[in-house]
Every structure is written in C-alpha cells, then in structure tokens.
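In what comes next, chain A is part of two complexes: it sits with chain B in the first one and with chain C in the second one.
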Partner chain A sequence: MGHSMKRKEDARFIQGKGHYVDDIKLPGMLYMDIVRSPYAYAKIKNIDTEAALKVPGVVAVVTGRDLEKYNLHWMPTLMSDTQMVLPTDTVMYQAQEVAAVIATSRYAARDGREAVLVEYEPMKPVMDPYKSLLPNAPVLRPDKPGKTDNHIWHWEVGDKEKTEAVFAKAEVVVKQDMYIPRIHVASIETCGCVADYDKVNNHLTMYMTTQAPHAIRTVIALVAGHVGLTEEKIRVISPDLGGGFGGKVPVYPGYVIAIAVSFLVGAPVKWIEDRSENLQADSFARDYHITAEMAGTKDGKILATRFKVLADHGYTDASANPSKFPTGLFSIGTGSYDYGTAYMEADAVYTNKPPGGVAYRCSFRVTEAVHAIERITDRFALEVGKDPAELRMQNFIKKEDFPWKSPTGWTYDSGDYHAGLKKAMDAIDYAGLRKEQAEKRAKGELMGIGISTFTEIVGAGPSKDFDILGIKMFDSAEIRVHPTGKAIARFGTKSQGQGHETTYAQIIAEELGIPAEHIQVEEGDTDTAPYGLGTYASRSTPTAGAAAAMAARKLRDKARKIAAYLLEVSEADLEWEPGKFFVKGAPEKVKTIQEIVFAAYTNHPQGMEAGFEATHYYDPPNLTFPSGAYICVVDVDKETGGINVRRFVAIDDCGHIINPMIVQGQVHGGLTQGIAPAMYEELIYDEAGNILNGTLMDYLVPTAVESPSWETGHVVTPSPHHPIGAKGVGESPTVGAPPAIANAIVDALSPYGITHLDIPITPFKVWKALKEKGAI
Partner chain B sequence: MLKQITVTVNGAQHTAEVEPRLLLVHLIREVLNLTGTHIGCDTSSCGACTILLDGKSVKSCTILAVQANGKSVTTIEGMIQNGELHPLQEGFKENHALQCGFCTPGMIMRATELLANNPNPTEEEIRWGISGNLCRCTGYNNIVKAIEYAGAKMRGEEPASTEPQFV
Partner chain C sequence: MTTTITKTFQVDFPIEAVWDNLTNPDKVVNCVPGASLTEKVDADNFKGEVELKFGPVKAKYAGLITFLERDAAARKMVMKGVGTDSKGKGGADMEMNGHLVEKDGGTEVSVSMEVSVTGMLAQFGSRLINDVTNQVFDQFVNNFKGQLAGQTVDNDLSAGSIVGGMLKGIFGK
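Coming up: the complex of A and B.
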C-alpha cells in the first residue's frame, strides 16, 4: 500500500480560498437567470418580454426564436440525440428552460425572470415509460424525421437461445421485478458558468463547472463553429468544482445560452443555477425498470441469468455513456459468479421528464446491473434455503481463473472474491451475527444481515471500443521538470474533490523520485493541459494515472542516458533506485534525479534534445475490474418500520493503492451515496408531470445522522495490465452499497414472507409490507 | 430605498448601502468579496453558507444583510489567527475531512459554535450538531474525526491518530 500523504489542495479549501465558478467576477459582467416551464408538456403560445425589459437593470431577454436566427436553438447530446437549447414551440418537461433574462445584477435578473409572461397550452404528458410505448401514446419527438413512436433503441447482449434452454431445464428459477428509481446527484455546488466572449479577438473564455473541459471545448466548437467560434478560439476553464459525480459532464442549455448571450451582447455573462433548478432540470441517474431472473440447481449452483430492462430516458437520450454503449456497462451484470450463460436486453423510451441517465457517481449503469444481480442472487439463496454468504462462496469465480471471460464478453483482469468476502465476514463477525439474529427472531424482533459482493468495471476505455462523440477515451499527462528539479504536471482529467493534485504527484514521485511536494499538478484549463476525456466513472487513475506513470517512465529513460553520460559508463551499468542512478557495484558513483535534470538543461549529451519533459496519451489495453464485499447489519422497528443501519463493513479491491487515506475517503463518500438511494432519495413525479420533491427540503440527502460510521478495508489484487496495478475506486461503494442495504432489510423481514422491496426502502414501505403480511 | 448598514466582518468594520432584500450571504460574497462562504441551496437546507453572527452559527442565506446591522460576523476567512490555522482547519486537513471543499467553510463555522457550547462532544452529539450541514463527498466519518481532533486540541489534549483505520 502507498502512503497517506495529506492533501496538497486542502490548504486553500480550509481557508476559504478555493476558487469556484461563482467566485469569478469580471469587469462589466452581466447575470443571467432562466425562465422555466411550469408544465411537463405544453405548447408555447406566446412569450411576452415587454414588462421584463422594463425592469431596472434588465438588458435583454432571449427566447428560442432569438437563438433560431443563429441556428443555436438545438444542440447535440453526448449520445447523438438532439436537445433544445431554448424551445420555439413546445416544452417537453417541467423546469425546462423557456427564456433567459440578462441583467446587471443577480437580483435584477431574477426580477426580470418574474416579469416574463409565457402563455402555454398544456397537453397531457407521458410520465410512465410503459404507457409511452402504447400505440395511443402521443409521439413526443416529431422533430426527429420519421419518428412514429417513443422507442429510442433496443439493445441486447449474450446468448438468448442457450440461456432459454438452461432456464427451461433448470431445477430452480427465481424472478423479480425491480425498479431502480430516478435520483439526482445534488453535488453541493450547483452548475454554472461565466461565458466571456471577446469580440475584438473573436475569442471565448468559458469558465464552467465541467468534469470534461476538453470534450466540452470540442462540443462548443461543433455547436458554434458555424458562427465563427472555432476550436482554437475557445478556452474552457474548469475551476475548483464543488463536487461533480457525473452531474457536471453533460452540456446543459444554460451553458449554451450564456455563450450565445455573451456572443450577442459582447459582455461576460454569469449563470449560476439555484438548487431547485439543479434538482429539477439537470441530469438524473437510473430510472431503470428491471426484470431479473436466475436459474440454478437445488443445491445452489447458479447456471444462468436473464435481465430485461425498460429505461426511461426522459425527453431526449442525453446519457453520458460511451457512444457504442447505450446501456453503458450494464452487461457487467453477470457479477462475480462463475456460470456460463446470460442474456440481457434493454429498450429505452422517451417520456416528459428531464434528460440524463448516469449522473450519480457516474458508473455507466453498473449500479443498476449490480443491484439486479445482487438482489436476484439473494432471492435465489432464499429459494434454495442457503445462507447468502455460503451461496456466494460456492459460486464465486476463483482467484486462479483470472483473467476470466464473462458470458457477456468482458475479460475480468484480477480478483480474489473469496478472500474479500471472508475478510468482511471476519470483520463483522458474521457467524456471531447470524446467531444473534436467530435469538432475536425467536423473540419476534427484526434484525437483518445483507451482503453484496460486486464486480465493477471502470477505466473506460480502450480506443477500440470506447469513444464519446467519436473521440477515443484515452487520457493524458504531461510532465515538465524545471532545471532545479521541481515539476509541473498537467492532465486531461479534472478533479471534483478526488484529490488529483496529491495522488498524481505521488504517482510521479514514485516513478521519478522527485518528492511529491515538489510536483505541482494542474488540470482544467484547455489552453495548457493536454487533451483528455475528463474525470467520471472512476476513470482518472486507470487512464490519466497510468499516463502519468508512462510519461514519468519516458523521463526515467532519458535520465538514464544522461546519468550514463555524466558518470561515463554505459546505460546497462546503471541501476535505478527512486531518485537516483548509480553504477552497479559502486553505489558511491551516483547521480540524483535533480542533478540529472539540471544537466538536461546545462550539460546534456551532444545530439540529445535539451530539456526534461514528456507527454503520454494512455490508451488502456482493457478496462479494470475492481470488486468489493460489503456486509450490512440493520435493526428494524416492527411497529414503525424504522430502519437503523447498525454496522456496515466494506472491503474493496481497487488494486494497488496510491494513497490509502484518499481511497478511504472515496469509499466513505461513496457509501453515503449508496445508502442515499437505498433508503432516502428518489425524484418523484405525479401523473401531471409535476416533480413532487424538487428542493433540498424534500429530496433527502443524508446528513451525518443518517450516515452510519463506515468501516472499511481492502484486499489487493493489482490489475495486471495497468502500469502501477491500480484499478480505480470512486464509484465502487455507490455501486455496491445499495444491494447490501436492501438485502439486509429484506433479510430482516423475510420471516414474514417478504422477499423484495424496491429502493428507496423507507420506514413507510417497510411498515406497509409488514401490515400486508399481517405481521403487525 | 437603499439602507445604510454597518457590519463588523472578521474584525473590520464595513459600511454599505444595501437593498433591504439583500441576503447576508450576498453581502459577504459579492459586496465584501469574501467568497469562502458558499451557496448550495435555496431552502436553508445545506449549510454551505454558515457563518458566525455574534458568535452564533447562522445560515447566511437565510437572513438579510440589514439584520446584521451593528453586529459582528465571522467567516472562514477570519478563522486564521496570527498566521496560525484554527484547530478545526487543521483538524479538517489532518483527518481528510474534505474532498471538494465546498461544504468545508460552513462545516467549520458550524463546528466552531458546536465546540464553543460543548467542548467535549460525543460522536452522536457531533453528528446531530452538524446535521444542518450537508456534505456530498466525505460520508461524514472524517468530519466527525476532525471535530474530535479540534476539540482535543482546544482542550489541550493530545488528539487521536490521524492515520486512516482499516478493518
């Protein structure tokens, strides 16, 4: 394990000197506020801006008709669908942007917003994805040529016939419908930007909350190239981000409107959404209706699985998935178990809800897949009467079988699932808990133990298969070492709190022997950083972290040449120890990395390029497959349905660990974002299309009181194909925790014949289920 | 109808002409340019904007600047004294109690009052004490540790190890 170096970035944050987008103030800056639709589906009859334009301080009001003149009223989504920037005729979901008000202050912009009068003709929205597919449903996207229904795409993977054959003959088949509800990531900083268009130089500087600044620059050029904003004229700066978790990957209409307005008005324009706008209109996650089935033998051997999904994508397909993967990496859903056959299919539909799909600690639909496999595995264990831990141990892929080929085509890199689960069971005293549970059950008390043993898939991805809008999903690092041996390193990724300034410095320090304190890490400025696809879906360490190691190794090769020259020996005679080369057998003949770097500028060998810098674009040969074994203990109050998470042990395998403190922090935070959808969070809509909990007062983000005291640990199986064996960890806990919690609660209720509850499992749901079963 | 107010912020007196509807958080951030105090919501739910008003922790998005007239405000920028970090600032850094840092100033200001009222709080008291402040990144374990660390330091005791503990 690496070293728990304290974070380099913290000094500014603890002193209130972070630099977030809303902290930016430019001379002459205007403020933008957005008029949003109160209806989920309506025709716009008229937009009256007269009164708004009279409000003191209001400079302009922009509508879809205004943008239409420049052909800027539509934009592409990351999934090659299309999305309105501002509507000209129809609104498609509640809180959709309808018009923008620009004013000299934040307050004047809000006054102006209140004064814009929009006349709507409401229509009956389609809120249920199943009803959306009915023949009598209105066609929601007539703007798409030839579209006659609301079906977006069909996807499938695996061997359908073989799977059917196994199911037909199997001794035991279990089946469970489950809904993984729509949730919102609600990073504590909302989204926003300052668009600063300089007319004289025809240059745009875009300060914005984005996790993928380079990709965004390309998207802006694609959208606005026709009005002269070509890619070299655009600089995207992503300052400190107050959390991202995938919510800051998409291009929201607000950004585009701000750019358009700055372009038209010729002044910098700030747009900062408020929390309710953020919850109601920005990218959601999940909204998967899944039917999961498992076939097996009476003694608990898993033989096959079959998943069927209906995906509610809202008004447009704007998930930020790799382009060739409409369901993201859902096909990881065969899990950690060794069986030969699986079949999965999914259909996506349009409804009158906001677009999005994967923005909750990203995960490219791995969370949905893991929930399905871990829940159905528990159902199967219950059916055959086996302890869920024992059944998992029985079916795990064995350590010696890696690399392991999954029935859906993935090659798992490494893992030791038996060791992980054993460690978790020992840490929590599994046997003792089962004993306690039996005693409690005898007294009629409800206690449950839930397990989730998941396999993740991250580090997208190999360029053969992975791209976003055609851009391959490599990532990059550039290291420049200054003459005095201090370095600056720049990356195509963008931290939102993950601590890249520390972790990347540590990787380079480990490879080059320059102390991490002397390595300055920079990200987020497209003018200075090398091109990369950004930070989401736990890809930073697997891609940019690897790029850092590779770039550092290029420098080490150069250092060896210089050292050989300085010590007047051949390269083969040199030995490397972090920070220095010395002559084999004569350790007193040594050159430190600092001496070598100085020589690269002052005394380099003839014929060698001067300077000491390297860049690497890392194209991963495979994805990485982190895994985890999570066990959760709950006590349920029979009378109220109240659930107390008594203990939660998480054992993760994220390969080689660079900074254990940072990794643990990621796991803690991810676990809280796991308990959140398991017990608290869901975006709820009524039939008329109204969001019922679109503020932080009713959308329940867990506080320190709801969060248990997490217990974490590791097993380590380094990724064999990653330069330093790391796998990535950010999303693992969010993926793994919800089924552990759901399984624990269902386990507590199982004596009363309850075999499944959909998340979020609230006290009311528990109480209702107990009531229905006559338990209370 | 601007109103003149005088507010002492981090020890320095400021006089400003403000609209009566101006929120205190906007006075702090936009008039005084102290951007360490953040805004995370519009319903007084998140606590990112927490400051001390005459020593009491207050969500500065929830009161008007005119209500602070004649009062004393402490923001995160005022926590460093004579170049020394406040034990809470140190505790947050040493215990990895922040990730994106957006909730941090509010958490630290809230914890300041918590420790002033209760110098040796239990874990449960800390958790309830910061339950008006949301953090989306850390899962709270390390925030609790950081506040315990600062409490110990302020009581003149040796704080617990800041090394991460694993099972």
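Coming up: the complex of A and C.
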C-alpha cells in the first residue's frame, strides 16, 4: 500500500492486446443493426420490411410486434419504471430503437437497416420539462394505468418548516436558478454485446459492456425467466471495457433484442453501437433544473439552505440509482459547512427525450448537488462582501466535530476541510493571486479565481438503506492461494480502466504479505466471480477493496493457526509482520506465508480444512465521505469571451491511498471530465425534438489540447470505518471541478455585475453577458 | 430545427409578369433547386418532391405543396410544403411568403422562407442548415431572374456540392 506500482493491466492495454466485446467472434455469428426513429414523438403507421429482407445477407427483421408475441416488447428499468425494448405503436424520442435487422455481416445489417421503410405520423413532442407539467401537455405515458399527467415522482428531505422559519428571519438570503445540462459519458468504447444462446443446453452466454455483470444476470433472469431462461442458465461476461462512467450500468434495448434474437434463431448475435447511436440514444446524465437558496448572517455565517429540483428523465425513469433514492445522493448538497437546517425537494417529469439518467462518474446526483451548494456559497460570499475562501473557512465543519451529522441525515465519517483549503491556497499562492487580480481589474483586464470545497459521498452502500431491485449493495472478494504461495482473487466489481487488477492485488499484498505481482485479479465473469453489484459511484475500493482486506484477514487467521502448528507454539505467542509469522522474542523461529500456504496443502493440522481460500461479502457500516479543495484561475478575454484556465490546483482527501500513481491518474481524468460540462459539453435539443449535436463533430469532448496542466495534492483523513481507511477517489474531481471553474469565470466577470452563468460557460455566453452589461 | 431567411431583390420586369412567375406552380417550383412537381391534386394543391443535400447527407422529401394564399390585388402569396423523407429518415416543412411592389419601373420582390427539418438532416446538418438554406435561396433567386429573362433554368442541386466541398476540406478527404 502507498506504492506507485505500475498498473498490471497496462502491459496489454498499451500493446493493443486488450480484449473487448467487439473482439469476440463466434462461429456462425450473426450481426444486428438497429433502425432508429427520426422523430421525437410519432405514431408508427407501418413498418415495411420487404425490401430489407431482400438485401443479400439479411436473415431477419425484428419489430416490436414480433417481441410482443413473447411479451418481451417492454422491460423494467432499474427504477421500477418501464421501457420499450421495441415499440409497437409509438416512438418517444429521436433515435429510439424501432426495428432490428439481423444479417450475416455487419455491412449487410447496415444495408438492411437502410432498406426498412417506416411510415410515421409525427406528433408535437414535449421537450421542455416545465411545459410537460402544464395541464394542457399531452400525457406521454398512457401505457401506465391511471396516468393523467407527466409527473413521475416527488421527493423531499429535511425539515421544511424549520427551514422556512430560518429563511424568514435571516439577515441575508440569496437565490439562484441554475441548470445542470444534459450531458453524455461519451466513453471511448460504445456499448455492445454478443448474445450466444445454446438451444441444446438451454444456456445463454452474454458477453456485454456492463459495469455490473451479476446484477445484469439477475435482471435477465427476471425478464426472461418466463421463457425458461433461469439464472443458473445465464452467464454474463464483461470483458475489458473502454470506459464506463455510469453509461454501462443500464440495460439498453439493444442487449435485450440481441438476446431475444439469439434465443429465437439459435445463433450468436453481435450488436455494437456506432458513435452517434451511443451519443443519441444511450442514457444521459444530469439534466437538473435547480433553484438554490442560502440564508445567513451579514457577517457570513451560513444558517440554512433550500434546494428545489426539476428533473427531466426523458420518456422513462431509467436512472441507475439505489432503489430508495430517486434523486440518488443529492441530499449531500448541504456541503462541507456547519449548519443545521436544510430542506430539499425534487420532482421528476417525462419528456420526449432519451431515458436516463445515469450517474456519470458521480455517486448518484452528487455532481448536481455539489454544483448547487458551491455556486450558492459563492453567491452568498459576494452578497455579504466576503472573500469566498475566508467565508468557507468560517463555515467549515471542524476536524474535531467528525463524525458529523448533516441536516439531511448523513453521518460524515472524517475530514479536515480547513487543512485541505489551506494547502490549496498555499499551493496556488491565493493572496498573491488576489493582489494580481486587483491590479488587473484596475487596468480593465478580466481574471478570476474560483474555489470549490466539496464533500463527496461514495461507497454505496450499507444494506439497511441501499439496494438495487432489492439486492443489497454489498460487494465481494474471493481469494484462493495456490500451494506455491501465488494467488488468484476474484471480485463482484468490474474495472473499466480504473486499475483494479493492480490496486486489489496491492491490498491483498498488504494484508497477506504475498507480493502483488503474484496475485492475479479477475472480474467480470458471473460463473467464476462471487456475486457483487459492480463498479460505479466510486464504490469499488470502499466495498470490494474492503472485502479483499477482510478475506485476506480471514486467511491470515488461518495462517496463524498453521504457523502455530508448524512452530509448535500457541497462537498467542506469534507475531505478524507482512509476509511472516515469528515467535515473540525469538524472531529466528519464523514461517513465511509461502511456507504456511504450502503446509495448508501438504501438512495441515488434523481437524483443519485443507486448502487456503477465503471469501468475504462486505456490507459497509457507513458510506465514505471523500472531500476536496479545488482552486482554479482563469483569464478571460474581454473582446472574444475566450476563457483560459491558467492554473488548477486540486487537493483531495480520499483517505489512505493504495496506489498514488493510480489515484493521480484518476484525478487527472476526472478533472478533464469536470472541465467538460463546465466549458464544453451539453446535449442540445430543439423544439421539434431533434438532437442538434448528435455527433462528436458537434458534441465537444475536451481533448489534451483543451486540458490545463493539473496540479494535484492530498490531505489524508482515513475513513474510521473502512478496514484500510480508504474512501474512494474516482469521482471527486468530476464532481468538484465544474463549480471551481464556474466560480472562477463568474469571479472574473463580477466587476460588471454578473453574478451567475449556467454551465457550459462558452466564450459566446461570456461575450453575450458582457455585452448585455454594457462592458463591451 | 428551424431557420428563416428573408431576401429582397429588384427585377426589371413588370409586376404582372413577376406575379405570374411567382404564383404559377410549374414556374415557381422550376426555380427551387432540387424540386419537381409530380402531380396536380387541385388548383391549390400539388404533389412534388424536393431533394436536399447537406454535405454527405442527402434526403429526398415527397410531399404536398399548397398555395395558402394568392392575392393578386395585394400581390401577396403564401406557399407551404410539407414532406417526409422517402426512406423514413425524417421530414421537412417549408413556408414561403412572397410580396411584390412596383418600384423604379420594375418590381421589388420580397421573399421569406421558413424551413424546418426533423430527423437525420437536423441531427447531422444543424450547423449547416443556415448556410445551405441561404445558398438554396440564392440559387432560387438566380433561377427566378433567369426564368423571367427567358433563359432555360437548371434547377440541379448544386448548393449541396459546395457544402460537400467544404466538408471535404474539414475532413481532409
């Protein structure tokens, strides 16, 4: 632990030897392509497949009517809503699946797709979530019995009356509407699968791009059990994944159609999305309209916050949240500040947009919450005329007050927010920057400094509150040590590039003393790995990483017994040092872990089970609460609105660090995915329901060119309840960076009376705001 | 995806001749690049086809063209076209307003065109729709002037190839 061991998986990745779903080729495999709707809302009048079936190589065209015969045309979402696999009557968003073409080659399938003639009767779509709630809006989901409006659910947390009372009496109240735009994970690898149904053995092997193979196996069994495909007959294999970021948690219709077709024709069926399909039809993230309010005193003490959210879920709620949390963990939005009163409410609506939303590198709506609290805190600082760093220092929860109970019910495990912000301010020379800013302002130049001091909530989660479709959100590890002292370890999680093969091996090495290079880590095959809920929401280290430590400790207990037997002493006389047990006071009487393991197979004590294996299912007692202090400096060109991120310092507290190099890599990637929504990314729809940036020509994913040089650092407050004190880090930077950047840009523009801009803050938005204020 | 373009231009022909060209379905459609009439439904309604090209994306819309207004006294006309892509890839609507005024011994023509597209063209062509519509419109104006002058009008879709050239430049192919 704590060593920057080079990533074991990189040997294959950097040599192009990764093995992805699209690399799988099976004998007799057919290829599937999907006909998609050009309209956001339309009745299907007719689907003419005649010409498509004449295309050489095309073997079948599947429509919703075909699936209806097997009751497979609808499927449940993870949020207990329903989603069409293929429509029978109505399409609900542009790019929705309408029919599937099966052919002997990918090219033939695409040619067949072009030949399918669909006759639509377009209807006027509902694109604005506020208009969707108006009484005259068409009811988008008449398939749901008794549904008379487009409202999905209402959620609230906190003390409404007490909050209102504090707001009524407060000296200062600030309020800000903000929109956290709909964005897409845009992982390098798109989604896809190979469904291989073996008729003779009634067995399905499903190779697919999934972050949660076991959960998917259970979902398939729930959906297809009625046609005889029960859970023991299903094997889900998730090979190497080219990024997931939450986008590979949901079950997309394409997977289900591929299974249905393989089941019906008895041949393997491959489906791989193209880039535009991925961007246009797969689950979006965010899309929260938030009204944030903060009440406080004139001298800058925060007293209460109140958030109101309108969540646009598209035509079905296909989020991937724990079941009891329709807004995910949005209630972390009271932030890093010490006050006792808060109220939050949210309403979700249907619109004619693609369904979702997923937790894009974010522990279930934490990004939205952090943006709201960090923006409104800056608004409050501006209102009371205090420096935003000073105001944060004044309001932080103190190190000695942990564990700290938040007004929305969470118990923060540990943190030292003052130390984090101080370290960031020292690193960037905050005082110097403010001095420089004053000088620049005197000359009419625009420079801004933005701070974000966020608290994350990850590692879902404790079984009393956290489940997905009823399955508790524990995770698992199984360690088998071979007679020669080398091990294989299997997990219920699934790496998408995070480096699990290295970090898990390091945890086991730390606990058991077997060198990490001799521990092979395997994930993603439901036939071999122990059951787990998968990798997302920064949960792998907090759950499966903990399970690895616990399983290793079980083995260490067994090792102690064997060592005592071999050395002919009592267990109490033995002392452990990584890699060996020795007799207290007689260090020459020693047994290495390798000798002990060998004995477990060759010379184990009478009455003891042979072998050296352990499994642990870890149910975390609490979530972990990583935090960060980020400071960003921007220079804004007044004439063009151009924004240059000059410096960005990120100080993270993710508890004990297993592999500093991997953590740094995670932080760099996460920060880049943080600058993305802050300055570039947004899925834009017009009133007719067209997506206006459905290709990577128009949807701006930042590249190395746009990325500033990130400066990173750490403070460490170990999680007191995690076996190795780790907290998880993957998402912190994505969550924490956008408000730092937005705060910096608004700070640069504040001399002209600009107090807020919605992300993504583009040069045009800046230029327009300056123009409106008469600054240029 | 909707775009509106308005243009005003002067022609050295009497208003009567211009009005005839603008309100005669065969003549006006003949000036629209990529358009053709296929069937006369009644005096105000016609079936026709329009081909649009946005760089690599080509769509052929079959639909109905309707004269909503042809007010000879006020010299105002409104024409509407509604079409769907023949391959089910989307749809397009167009409304054209024309107004003529006698000026400087000739005629001043004001035409505004509102074009909205749905489906694939809107998805891939959103950044190009203004430019393409503008070029199509310019070509329409040239054709219209040429037809008045008695020239043979070529309403081939050349606007698309210009955009195509631009895209090729971007992609470097």
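One rule holds for everything that comes next: the second predicted complex is superposed on the first by the 773 of 776 C-alpha atoms of A that agree within 3 Å, B and C clash if a C-alpha of one lies under 4 Å from a C-alpha of the other, contacts with A are read in each partner's own complex, and residues count from 1 in each chain.
In this text, a residue touches a chain if its C-beta (ideal position, glycine included) is under 8 Å from a C-beta of that chain, and two chains touch if they have at least 3 such contacts.
Just so we're clear, the structure is a prediction, and the values are computed from it rather than from any experiment.
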Partner chain in contact with A:16 - chain B first, chain C second, else both or neither: first
Contacts of A:695 with chain B and chain C, given as first, second, both or neither: both
Comparing the two partners chain B and chain C, which touches a greater set of residues in chain A: B
Touching partner for A:120 - first (chain B), second (chain C), both, neither: second
Touching partner for A:268 - first (chain B), second (chain C), both, neither: neither
Chain B versus chain C as contact partner of A:94, first or second or both or neither: second
Partner chain(s) touched by A:714 [first = chain B, second = chain C, both, neither]: first
Which superposed partner A:670 touches (first chain B, second chain C, both, neither): first
Contacts of A:39 with chain B and chain C, given as first, second, both or neither: second
Chain C-contacting residues of chain A that also contact chain B: 276, 695, 697
Chain C to chain A touching residues, read off their complex: 1-2, 84-85, 87-91, 116-120, 122-124, 126-127
Chain C-facing residues of chain A, complex: 38-40, 94, 114, 116-120, 122, 276, 280, 686-695, 697-698
Residue ranges of chain B touching chain A (in the complex, touch as defined): 19, 21-22, 26, 29-30, 33-43, 45-46, 48, 75-77, 79-80, 85, 89-90, 92-94, 96, 98-105, 108, 123, 126-128, 130-144, 163-164, 166-167
For the chain A and chain B complex, residues of the former touching the latter: 4, 6-7, 9-18, 20, 22-23, 25, 106-107, 185-190, 240-245, 274-276, 423, 427, 496-499, 649, 651, 660-662, 664-673, 695-697, 701, 703-705, 707, 709-714
